[in-house]
Amino acid sequence: MTPTSRRGFLINAAASALTIESAVAIAGGEGKPLSGPAFDEQRTPVPLPFDPKNLNGLSAKLMQSHWENNYGGAVKALNTIRSRLTLALNDASTPAYVYTGLKREQLLRTGSVVLHEYYFGNLGGSGKAGSEVRTKVAASFGTFDAWESEFRKIGQGLGGGSGWVVLGYNIHTQQVENYWMWDHMHGPAATMPLLVMDMYENAYAIDYGASAKDYIEAFLKNLQWAEVERRLGRAQKADTALRG
Amino acid sequence: MTPTSRRGFLINAAASALTIESAVAIAGGEGKPLSGPAFDEQRTPVPLPFDPKNLNGLSAKLMQSHWENNYGGAVKALNTIRSRLTLALNDASTPAYVYTGLKREQLLRTGSVVLHEYYFGNLGGSGKAGSEVRTKVAASFGTFDAWESEFRKIGQGLGGGSGWVVLGYNIHTQQVENYWMWDHMHGPAATMPLLVMDMYENAYAIDYGASAKDYIEAFLKNLQWAEVERRLGRAQKADTALRG
Amino acid sequence: MTPTSRRGFLINAAASALTIESAVAIAGGEGKPLSGPAFDEQRTPVPLPFDPKNLNGLSAKLMQSHWENNYGGAVKALNTIRSRLTLALNDASTPAYVYTGLKREQLLRTGSVVLHEYYFGNLGGSGKAGSEVRTKVAASFGTFDAWESEFRKIGQGLGGGSGWVVLGYNIHTQQVENYWMWDHMHGPAATMPLLVMDMYENAYAIDYGASAKDYIEAFLKNLQWAEVERRLGRAQKADTALRG
Amino acid sequence: MTPTSRRGFLINAAASALTIESAVAIAGGEGKPLSGPAFDEQRTPVPLPFDPKNLNGLSAKLMQSHWENNYGGAVKALNTIRSRLTLALNDASTPAYVYTGLKREQLLRTGSVVLHEYYFGNLGGSGKAGSEVRTKVAASFGTFDAWESEFRKIGQGLGGGSGWVVLGYNIHTQQVENYWMWDHMHGPAATMPLLVMDMYENAYAIDYGASAKDYIEAFLKNLQWAEVERRLGRAQKADTALRG
């Protein structure tokens, strides 16, 4: 380490969870600080793919706060957690159950970041599903209405709490299904999200207070079905690649 | 039952999971039962891809019980839950928060089924990672040892409880990472499992009692790295298809 | 429905929440409906113990919505769940993992009902803690400020999600501690709540949007410390009775 | 600080989560380390209240491992977490969401410690409930058998995973109920445990493998009903004190 990078490292270390001994050891070059994308990756927020002023029944104030505070906050927290994980893993005195406390936070923030990007990505549309995507959804649910009826019901069941409703393609079982997810950490194994609805109260309380029902209505009115169709097409392409 | 108490009971029953009225209506053909794979799919267990007698330090008794009772039980429960979801959704009197109770069970059992299939799928090997897969893992974690050190630590932190450790490829963030998962319902959004270790106690207690550490050792000795490499290759192929 | 498909459907239905057979059996008087407070209890909402117009920095609109929709909704849901539990337990075809799905909902709603009653019960005050209660809190935390500092930090950590912060007296360990609780179902074993802060977003988003920090400030300004002191006194009396 | 105690403090600090700056500041006397039972309490394990060789259908090996590894491990982890919480709270650079990761671990370990003490405390008996306790249980559940039927069903539903079944007295609602608890962190608000059954797999896998059903049978055969009755009596005494 050059003196400059060493100083930078110490400043960085000062914000993190490590013991005196290990910090000194690492700074002194005896330790080998972990590196690589799994430890170093620092993410930046993806801008909203639509003008928040143009949504129908979802205010710019709500969208801006949701994007900035909840999604933006998750990006920032994920970056911080990643630094702390690196230092905690480098420190042999970290008990495994303290380390996994940080890994839980990483899982939570990863879920929040990824699901929010899918969520904002499927907003900004007219809510009108083209006949092709309707047919594809119906292939799994019998009818398009059966899909919508279940999707809404799951959303309602999450009202007043937190969670996500996700129409997903399960790469392993090759099924298209609606999933109930209790918080950012929940999610079906091996699944690509196709259509994502945020049911955390920060997704609607500013506009709709406790009325999850009215929010679900508004969400569906602003759905960008072209994006859902694109994701479904990509899932099918990926699936072909996987089976081929 | 006196006629009076019977009447009271019927009124009470009218508020229940499948009401008599709706049961009769459905049975009489007035309801339109939901259909399609999302509602009908019935799964059968995938056989063990190795002879359980041939593992090194993991007994055939443990493997058989794990496969039959825990994985097999999950397949059966998932099938049952799917039937009940269909009937509950068909019944307009089902409160959303009762419906989501069943969706939670579906998420739990889906996680169990899918993750167990990945888990058994990556056992039966020699535990020796080829140089190509080592290099690929090192590309994300700096060194192969750094990966292993974190993977083990997460496993240790889950000892005495339940959960999974998953090395996964996140389709959205394009990262290869180790994830901590508290139970079958937890999982990172948009992630393809590459290497899966079961930390539920039923994965080891028969052989190792409370010693999660010895189990992790045994698990790693029986890892089928060729399968992990195959999954990594497929993930890269799918990724190319997705970006293309 | 053709006779054949109807027969198929009936076979399918036989695996469901309340089967036709059992519904008819119960309706016909052959079943013995469960009774007793554990199965029958129907709860009514407790009115707000203060005039919501008189709070300082927490609007009447927020309080009314919180009380009516979130607390009131939980009371209603708990009553419904209790009826469904009774019927599900009476029906021998209910799988244990479907039954526990309803028990989970009971735990969730019980937590919501009980904690909300403690929460509203410790609001409506001046936020000024008398010297006696300060001394008692300091006896556990070294200083009153140390308590407040931890209490606020836990609240902050729950911002943007859901959960509760509870200062509680643990009957078993005889400790007074602050607890982090992730949702209505979380809670320390054997603990009497002394001071309860709701961190679900429905407790503040209407007034403060995403700013958990400002809400915590407002909450503390409206704390009814006399009630906290009364609860502490009662806990001590109960403790004496328990040890005597 | 004397040089000796300062050295002790540094050694202690070396095992914990703090920054170089704050450790030095604290060691140098500039910081004010938090103290008081909420931060300092160190617990020691309570011995088994029965001879593990004398149980009927639960082996001494299982009991010893359960007591030593799972319960004993929780006591140790709780003590460690408490030290780390103190240092993390003292360090202003600790993000709230890192702090609450530690508070989660504290909740988890507190639940484990307390529930295990109740669990071992109600074992070592003949499984025969006296007529007085049967009558008291029946007062809540209609019949004693209805209680047992629900208690067993909840246990079955937790088979293959983790969790607790608790017959508890809710101080706030004044109800005696069976509760489903998913892990050590789950629990009904304001409830005194009366009868506690551990459904973590470490409570039975050594003896019964995957057969939760056989374990429940064995557990009930070894129940110490006199202790349950004593707890019920104490709960009633505490209740009278609380209402008086």
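By letter and in written order, the chains are A, B, C and D; residue numbering begins at 1 in each of them.
One rule holds in what follows: a contact is a pair of C-beta atoms (placed from the backbone, for glycine too) under 8 Å apart; a residue touches a chain by one contact, two chains touch by 3 or more.
Since the model is a prediction, treat every value here as computed from it, not as a measurement.
Asks: Could you run down the chains that neighbour chain B and chain C together?
Replies: Of all the chains present, those in contact with both chain B and chain C are A, D.
Asks: Please identify the chain with the largest separation between its CA centroid and the CA centroid of chain D.
Replies: Result for the farthest chain: A.
Asks: Identify the chain pair with more contacting C-beta pairs: A-C or A-D.
Replies: Between the two chain pairs, A-D has more contacting C-beta pairs.
Asks: Please work out the Cα centroid separation of chain C and chain D, and write it as a whole number of Å.
Replies: Averaging C-alpha atoms per chain gives centres 20 Å apart.
Asks: What whole-Å value do you get for the distance between chain A and chain C if each is reduced to the mean of its CA atoms?
Replies: Centres of chain A and chain C (C-alpha means) sit 28 Å apart.
Asks: Using mean CA coordinates as chain centres, what's the gap between chain A and chain D in Å?
Replies: Taking the average C-alpha coordinate of chain A and of chain D, the gap between them is 34 Å.
Asks: Give the residues of chain B touching no fewer than two other chains, as numbers and ranges.
Replies: 95, 97, 104
Asks: Quick one: which bits of chain D touch chain C in the complex? Just the residue numbers, please.
Replies: It comes out as residues 34-39, 41, 43, 89, 95-97, 99-100, 103-104, 106-107, 110-111, 113-115, 117-118, 138-143, 146-147, 149-150, 153-154, 156-159, 170-173, 175-182, 185-193, 234, 237-242, 244.
Asks: Quick one: which bits of chain C touch chain A in the complex? Just the residue numbers, please.
Replies: It comes out as residues 65-66, 69-70, 73, 160-162, 183, 200-202, 205-206, 209-210.
Asks: Which of the residues in chain B end up touching chain C in this complex?
Replies: Chain B reaches chain C through residues 1, 6, 9-10, 12-13, 15-20, 23-24, 26-27, 29, 33, 77, 80-81, 83-84, 87-88, 95, 97-98, 101-102, 104-105.
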